[in-house]
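Consider the two complexes below, in which chain A is the common component and chain B and chain C are the respective partners.
What follows is the complex of A and B.
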């Protein structure tokens, strides 16, 4: 009776565990295994090369490290510009006012759209010859600012980073707003009674209470932005000349472009390790700030 | 008097700031729709927001000639199947993790939890190899199973958290009435979980509809591709027919925006809850 009941209970988790085992655990193990081989993904034979793939990534693959730096640059812009914007908007919305719901709904439209849609629409707006942005610049009498935004090596990466921020700030906005709304109104009231002006209250009440939330948003931003790449495929495809390459795009290129499945997996592991180290550091950092 | 006018000015500034950003969020979409109504000749010259002649036939052309109709229906099929699969499989597992007893329960649950936290960039490489071996590459079922796996862990977590807090009385009553465990899960627990199921449905639906990379590596044949991949291939082919592309993008964005506007409450809830999980 007991055994029958236990078996019955297993039935509930079997579908989930089966799918998880096949589509998560097996690929997970294979990534590590394949990383040690040179294989084109088609041939029945693959050549064991030990850690050669990793050596090549670490010591020879300049484009890989360039793409890591690019992702770091985009992340830096997301952390500063995007999150500052998200916070300011949340702070501005955290009051009784008209249109509050309208703003809240609108700011989360970019995040629900697909990266393909966002990337292709912005690519059209930023097009060097026929794009709306350049058209406006000419109309406003600023033709010297006209650029090939996405194919000029000087502007491509920053442009991509800004569009990425445009797409992403809504996440931070929602989380910051939720955080701000947990601050008891009495605290503001008390500060006002004590004669504090708006700036004092902002600096001494709002900011300290929001630090844990900011750390959380920061962690989510870093992990999300480092792995972003679909938007970039849609906007530049990684060009011009590798200027907007990012790690996941390199992995895809190793797999589909050069048919080096083993190398692609080794890149995936290397990048995964980097991400885990980053989130480990962030976790240490965030514990320090948790109330 | 002075204070009052100062307050008005501050309020105006705040609204100006918020409104600027709000316009920047909507404008690219307006421009997308506007471009979708122009022709291949006028689109490169005509910068007007509301074109003089509106070429609604672009939507027909995109649907038929561009082949987006087929891909749109694929996207619907994949989204519905994956979401249905996730709801069934995750709620069953989450119910067991919350209510039933069996050896290895915690270990299994932590396994799902760990999967949420450990990033494996490049897992699509191994998934491609796996589906090849299983002869599921370039098939709808292969893609659907992969996507069920993608959304499962978070959904199990959200549902288990809900079941943990749910009072047990109704389930006890059902048991006394002779209801089986499966019956209780299906007829008692699931209906009570409607609010969190809505979150699970909406978040996963958005995720599947917008998914790109797995679909890219899994599908070779265009008639099987979901809309996102088809749009990208269309952009790469020949000389880009921008009006048709923009019409295709509008077709891809419209359902998402509608679902978002209707289910906004659940998305906000999902995001703020999801953030706490992370």
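What follows is the complex of A and C.
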């Protein structure tokens, strides 16, 4: 009777397990397996190369590590500028102000837009020939600032990072706002009764209680930004030269450009390991703060 | 615990899902007893013309042909690879990629050898088509890819990649609009005039007249022009020897090729922001009369006609640097179709492709899409600008006919290196050294295998 009941339970689980195995586990294992092979994605045969792909990535592929640094820079801008903006706007919208529901909607529009569309629109705004930004700069009497924002190696990466932040701050805004709304209003009232001014309340009540939320937003920002690529393809295609190359673009280049599927899988695994390490560090950091 | 009914419910739902999944993976079935031919392609601008030809073919033979468009080309390319891995390729498909990829498809048994069909009736089919276009789909005896010699694809159209110039802007700059620059020095001279007029070199802040525009953000077009100049400066043999690893990229001739890009940038003939410019932007700038020159393929005639029918322009060869070797441009098959070797409708499919590349159909395609036809007999009906592109066909070459391929990583290092030269970040010597380092790495990897 008990065996029958157990079997019945398994029957209910089989569909979910099968779908999970087909669409998650098998591809995952396959990526690890392919990372050990040289394969062009077409031929039925593959050449086993052991850890050669990984060795090449770690010791020879300078562009790969440059792309990691570029992604790190974009992430740094996102962690600071993007999240600070998200927090400040969430804080403003959490206060009693007119049209706050309107602002909440407006601030959440960029994240729901297609990355390709956003990339192309910003490319148009930033264009060196007929871009709106350069037009405005000239009209404002600042022609010395006019430049090709996306082709100039001095500005390309920062410009991409800022556009990425503009596109992504809405997520942080939403989470920060939800976090702010969970802070009991009595704490603010008690602080006010104790004579705290707005800055004291913000510093001693809001910020400490928002740290766990900030850590969560930070982890999501790092994971999301390190993997960004659609916006970058649409805006610069990874150029000029390698200035806006990011890891996912390198993986795509290995797979599509060089037809090195095994190498691309090895890059994917290396990248995954880096992300896991970052998440682990952030997690430890978060636990320390909670403690 | 659980009723039998609910267990059967779960199991049957799962079974239905599996059946639907399996059915969904299958290809379309013909509605009648006659075979249906499925063609996968990526050419958005030709879909309407293809559909019309499919209708005509069905009316003539009763065989339904379906042209399935998958765009953009990157997505199409991935779809074809995935279908090859799953052995679900359609009757006809095209391959976007290098000759090496083409060879892999053949060696994996996905592509039918069309040589017997081409040679039948004393080469009737083969002789109708431009030899340069056929060569792109051909693997000669002793090819380095290890492919059995033969013709494995049918060219649908041909193309050349060269330069176009805006006659009105050239006149505005004080040059004879009927005589575009022939030498590199003359070309740089135009650049200096553009700079003086407040165009490219001054940052495009004032007059906004640009020099040369092209899709150099999609780096293969840089590679194309650089190769043109490599052939002009050192000749085909030395270029191929470099690819074979016998001549280093640090050779003075290669450094000269790289230096040309610095000279172009310094003269102001290159448009502002060229290194990240996509071809669509380049086409818009040229069509709107903002750029004096464009480096583009013969397909641009159709694009410019759509954007600005009144554009006053002409075609020209890239201005030559040396008279030691002829100026060579990339050309050959624009797009080609391959027959699936595992197709059940092989014979019907080959017949259809013969019909598609016949004089009348090719003339129709050329007229509708403004692309150069692959059939020699259809060339008479094309526009004057397109005829200028066609006239350069004899000077054309293509990496797919060289018999050897450069490593993609080397091509990338070379093209990105040129971008670095243009933005003033690297010298030609530094780029040459970096490219050679990448080449050495690839050669060592090949040796280790």
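As a working rule, the second predicted complex is superposed on the first by the 274 of 291 C-alpha atoms of A that agree within 3 Å, B and C clash if a C-alpha of one lies under 4 Å from a C-alpha of the other, contacts with A are read in each partner's own complex, and residues count from 1 in each chain.
To be clear about the criterion, a residue touches a chain if its C-beta (ideal position, glycine included) is under 8 Å from a C-beta of that chain, and two chains touch if they have at least 3 such contacts.
None of these values were measured; they are calculated from a predicted model.
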Does the chain A-based superposition show chain B and chain C clashing or fitting?
-> clash
First, second, both or neither for A:93, with chain B first and chain C second | first
For A:219, is the partner it touches chain B (first), chain C (second), both, or none of the two (neither)?
-> first
What is the contact status of A:128 with respect to chain B (first) and chain C (second): first, second, both, or neither?
-> second
See if chain A has more residues touched by chain B or by chain C, and give me that chain.
-> B
Considering only the touch criterion stated at the top, classify A:82 as touching first (chain B), second (chain C), both, or neither.
-> neither
What is the contact status of A:271 with respect to chain B (first) and chain C (second): first, second, both, or neither?
-> first
Touching partner for A:206 - first (chain B), second (chain C), both, neither = neither
Which holds for A:259: it touches chain B only (first), chain C only (second), both, or neither?
-> second
Once the structures are superposed on A, label A:165 by its partner contacts, choosing first (chain B), second (chain C), both or neither.
-> neither
Partner chain in contact with A:178 - chain B first, chain C second, else both or neither = first
Selected from 19-27, 127-135, 145-153 or 253-261: the stretch of chain B that, after superposition, runs into chain C | 127-135
Residue by residue on chain A, keep only those touching chain B in one complex and chain C in the other, then list them.
-> 8-9, 11-12, 15, 41, 129-130, 256
Chain C - residues contacting chain A, complex | 1-2, 7, 10-11, 13-14, 17, 74, 77-78, 81, 84-85, 97-98, 100-101, 104-105, 107-108, 110, 203-205, 208, 210, 217-219, 271-278, 281, 285, 290, 407-409, 412, 416-417, 419-420, 422-423, 425, 441, 445, 448-449
Tell me, which parts of chain A touch chain C in their complex?
-> 5, 8-9, 11-12, 14-15, 18, 38, 40-44, 47, 49, 52, 56, 60, 127-130, 134, 138, 143, 146-148, 150-153, 156, 236-237, 239-242, 253, 256-259
Touching residues on chain A, where the partner in the complex is chain B | 6, 8-13, 15-17, 19-20, 22-24, 26-28, 30-31, 34, 41, 85, 88-89, 92-93, 97, 99, 102-110, 112-118, 120-122, 124-125, 129-130, 132, 135, 139, 166, 170-171, 174-175, 178, 216-217, 219-220, 223, 227, 229-230, 233-234, 247-248, 251-252, 255-256, 261, 264-265, 267-269, 271-272, 275-276
Chain A partner contacts - residues on chain B that touch it in the complex | 11, 14-15, 17-18, 21-22, 24-26, 28-29, 31-32, 35, 43-44, 47, 88-90, 92-93, 95-97, 100-103, 108, 111-112, 115, 118-130, 145-146, 148-149, 152-153, 156, 181-182, 185, 206, 209-210, 212-213, 217, 228, 231-232, 235, 242, 245-246, 249, 252-253, 256-257, 260-261, 264, 267-268, 271-272, 275, 278
